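Labels run A, B, C, D and E following the written order; every chain starts at residue 1.
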């Protein structure tokens, strides 16, 4: 049984039909990437999975349990966490307080300290800035914070929405290194990226989304070789 | 099944509590009188009509029963279950309450010292003039029988028709029409537009002929609030500046007109027309004067400062300090009304004067709205920082919005004072600001017809609600909340606002809110 | 108009700043001149000044407690809960009924009423019931009048709040009657009884009710500050305030937090109501309106959305109201004029209130 | 004298603006206008409650019954004008019992004057209301000027107060009385040491009382209504004025004041237009209490006035109205105005009323003091 | 001669120097770029130039005239337009209205004209509408003028933002990460478009980018910021080889 199963979901913004029957499966311990142009519906897909949007049609199953009607905050307790597009840090809270919020769903104070150590090891920069109000961090630091915060919830499935957006090349590299590292510790990752080249280099499998529909799915390897993908998303002509 | 019962219990307790509150408010007496009169039942007690009360309870339980069965009307059994559970609970709630007050009453407890509507007479009324046990049992019986009846009737009605699907389709079509409506705005056929306007104008000009004195007066008040609404629409609706002290400019207009035309306290007695202009200028000037120090503040800071300004003006005009110059709490009497060629405007003629003023203001508002000024205001409302980066001198445009809004209010104030031939501090309370703001939003912000409809609702409705007497403001407050919940975009919204409020509302948690639009 | 000629090098902004500065300086000069006159004329003895200060601090502390209710709700929903003053009124009435009920229960052992026999318990009971009823009302207020409007532009819940305020005022009027009522305090808290402190040859009364009010307010403020700034629960409230969607992604139940905020804010309003009743004695259906507006002003003065700000704002407003007219030799009738003028003045120099964050410039 | 001419007028001039025609089956309407909701609703509710009893007592008249319409003015000028227009446009309204509050009355007078509706107010006391180019306004309470003068004389001559602080609530009524007190008191040779106004509706006046206390008055005169007066009475000891006398007007008189001020009510003086005890009053009091639960005077001091104005209007209407052959009742409006203006020797609960230039109660106020929790004549 | 010049500009936030002593010169008709790690102070520098933040030290010259102390609206009216790192359109206004707002400084009619709807105002308004329509077509949003800005897809919003900036008829336009959130393919299209602005309209361009392909593809000269300071400048070729830039910004993989 797949860890996450998205069955033919249709999601709307009022009368805008954003997702027109998207189906995705993610197996445990995988990195799966969703690529697609602007407005293809990548973010909408992630938001629907994470419970921020409700599909009007279709179901979502997480570890065999139907979750398409579960509100977002309860999904966190089930093990799904999202790093939202644009980072969504709490700008007026300090770095530490942001991380504490990440651990909101974790009842145990002891594991909190361990978890904190773990993410500080992953992002030493954040430890330096522990007391800084996070709104004044630079873009890259904010991205680290958002990722670290999500890890504080010990997710089993991590949804990441464009973690490399607006980052300097050197940081893009390190973000993807981190993603691989997180995945190695046993976290399943569903990754949305514009930077398809890099995304496909770390992912096991991928889906291509176009105007709210899945047009292609394959292993990352094959997708990278796909002519259409190369032309439309990798900028290779 | 369990869900049905649970839902029934929930709904039943809501209805039960509401009915108990109706009794506590004494609304049961009023409503029973109205109902009793409606079916010609003779009133038997001073506090209400017992027969009417039975009808009231019966109607309420019908309603409760039918809405309880709404969740599942697939078969008559489930309707019955919902009906029974809901009516049992309501019956228990209300009967227990009446039993309690009946008991207290028979123990000679003076309830009305604490609860104004409960005394021996009203308890007798609640018991239909019968004994405690009989009265309570009747009440319980009514709720039980009619609650179940309501549920079954609803099931029966639904079984007969299956029109739901069609309804949904209509909804979708309506939404689709929305976008194109705005698109049409630029290309609309001017001829048909003018014909429409012409017809409307004709109606507007004929109606006063058929209104009595009272409605002419009431409509005049509505008209003056339309003027103010149009002014505040510029400040709040277009420029996005929340002004809670709008009454200040209304007061300045009214007092300027009053002081310059009345014999006392200042013996000036200048004629109406020049003073009207002067009132507008004074109000606009006050708008600028207030604007200079405060317009750099954002959002709610501006709101509280303007609220303060309104209060300052009100406190000042009733203060001892200024009493010798502005009349103090007694206000100004014998304000001169306008006259033209020796004929004084009064009654109908005055209403026409107000209508002409409204039409002029609508014209100007339209011009402004569709010019670079209007766009600058809107841009400021949406994102002030970026608006400034577009080369818009935001302070200048804010001042202009403030001054224009103030000028309209000043016009309203002058017309108001001259019509009543009296003005005093009690005419310029915070409630005026609140009413104008509310009419704007109830009507539909940013839309001129909305302002007019809003003024009718806000100032006309309380006049209509006079029937309800003591409960006028109670019902008014409740309706305001109800209105916002069922139709937040207002009765007649601008297409722009309508789409703002309806797009994305269905499935999404809200993004961060801003004052008038969605983005910060 | 003027904006089309970009010749002058000093922008319009600067001329506005200059005008503002001139206005402020003139105003300050006027204030100091009046103050100097009053003090040098010696109308008021030291005891009088102390009396002014005491009365200002007490009323200010109540404003502060009410103001926090505004600030909490504002901080989380960015809406002005116009009906907050009515929650205070509900608290005041609840406390009144508790006292009346306890007064009517005789206690055989002491031969007095429950109220006078167990005074501390009675007062605590009044506060508990007052806070509970107001909190309950706050909860339902949010559920009925505001929650359906969560996504709407902010003016819409504001109007709904105004409607709710009008409704609650009039509901209280028809239910409890239009007449005013007096709190019958237990004996130990008789109004106008207190410690007599000799100052400048006169005795100044520091009333028991006043001290109770002040101390309780400060305790509530400290408790609340700790809750919001120092606990994880408080952090989650702030997180919801900043971004509801992301907060939900952290596992925070946004609806619950908002409900709880209204409950806390209502309880504070209720406490303020009971304090008001005990200290000032007279309550009626309209009793919440003026303090509500004042407290809202206080919240803005301090920097809305900010708890210490509400505290400072409340106390300052109380003091300005009681000391201002005397210090400036102006009629007391004009105290609101003074209070609002000072509000404007302070906001000109500190546009986000006294304690409000000084975000030098908005991030672009 | 107008009644004699009435049939001709109505026959010649069937216009409803000249002659009210009450058709069979309708009621003869009298309009009451006052604050029914909001801050000062206590007055409107109390007065109209008493008025309703007068209508009950009136019974049938030639097969017609009377009806008291009650409308809310919120006490404001705008509300007053609005209600006035409402009544004016109802042809069955023949007389106005009201308005309550001077501001609302001032705004309404010109409207009634134009429509020729006689007014008899229970409580609008501002002195100059009876002036001006109108002849429809009458009232039964004594004017603010009269009350102020009596109070000042009482304070100076009877109580021997030499240093007086004057306070009022900033509203037309309270301020009018207070200013008159100040004027007369100073002309008598007294010293007014402080004048301050308070904001009505507030329940804490400690600061302003401290200010007053600093000027060491022997007595405070307060012009306004009982709620504010009670707050002042409560606040005086804390402001260091335990021994200072508090003296107020008839807006403060009544049981409600004692209830509100509790022990602090002791020794407070107030003026009252409440009638002297009489058999009729005792009977009315008992009846009123049995219906409404509170005794008259508990909610406002104008309960008896409320009864009297409605009753006096009913009596006057009866004296003017003529039953036509068609079964309708004809009431010539001008004659009714004259009849109300000429009301004379009417024996009501508030005393014997005789209208003269709009003033129907020539007698001045009496003063009472609270002793042992009750108002007594000192 | 340089159209825009900053001289030793410094901007501090508390103790942090977000922009530290930066001197740049942008010649007329060129495409210049600023790059640097996150938090280097690039956006802050833009904010100083456009008047959102008052610079603490230094001077900024536009065509030789100082911009110091001018308000943002005044600076815009001189002919400097910009776009934002996070798109900031007027969401509840239509695309066309957004552009018309951008054209605000071009319209000479005043408040009274607007109030009275004078012929002069009407004529101007008509012209402005036509111009806006042209611009809309130019950026490839033909036919979408009546749609609300918030309803447009991301890429179109970016373009609309550019059209709005162009409506001011600017002499120089400051772009802040115009290709952020675009896939490589879309980025190339955007790059072409930016080039056409300079080539067809003759507008000078200053660009902030993290996408090296774009950066290296179109810019003629690059300034590199780190910790607020200028650490390098040169042609794309030079910059790519600069070890300091590789160390702090590009990373070894990119070289």
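Annotations
By definition in this document, a residue touches a chain if its C-beta (ideal position, glycine included) is under 8 Å from a C-beta of that chain, and two chains touch if they have at least 3 such contacts.
Nothing here was measured: the structure is a model prediction, and the numbers come from that model.
Among the remaining chains, those touching chain C and also chain E are A, B. The innermost chain, defined by the distance from its C-alpha mean to the mean of all protein C-alpha atoms, is B.
If you tally contacting C-beta pairs for each pair of chains, B-C comes out on top. Inter-chain spacing, taken between the CA centroids of chain A and chain B, is 46 Å. Averaging Cα coordinates per chain places chain A and chain D 75 Å apart. As a whole-number value, the distance joining the C-alpha centres of chain A and chain E reads 31 Å. Residue numbers of chain B whose C-beta contacts span two or more other chains: 112, 319-320, 385, 393, 470, 473-474, 500, 503-505, 508-509, 517-518. Shared contact sites, meaning residues of chain C that touch two or more other chains, fall at 1, 3, 12-13, 170, 173, 178, 243, 245, 248, 254, 331, 333, 336, 364.
In chain A, the residues that touch at least two other chains are 16, 52, 72.
Per the touch definition, chain C reaches chain A in the complex via residues 232, 235-236, 238-239, 242-243, 245-254, 357, 363.
Remark: chain E residues 13, 16, 35-40, 85-86, 151, 153-155, 177, 180-188, 210, 212-213, 248-251, 253-254 touch chain A in the complex. Against chain D, the residues of chain B that register as touching in their complex are 46, 110, 112, 119, 212-218, 221, 318-320, 323, 328-331, 333-334, 416, 420-424, 426-427, 429, 463, 466, 469-470, 472-474. Every residue of chain A that touches chain C in the complex is listed here, in rising order: 50-52, 71-74, 76-77, 81-82, 84, 88-93, 97, 100-102, 104-105, 135, 149, 153.
Put simply, chain B touches chain E in their complex at residues 179, 182-183, 186, 364, 367-368, 370-376, 378-379, 382-383, 385-394, 400, 496-497, 499-500, 503, 517-519.
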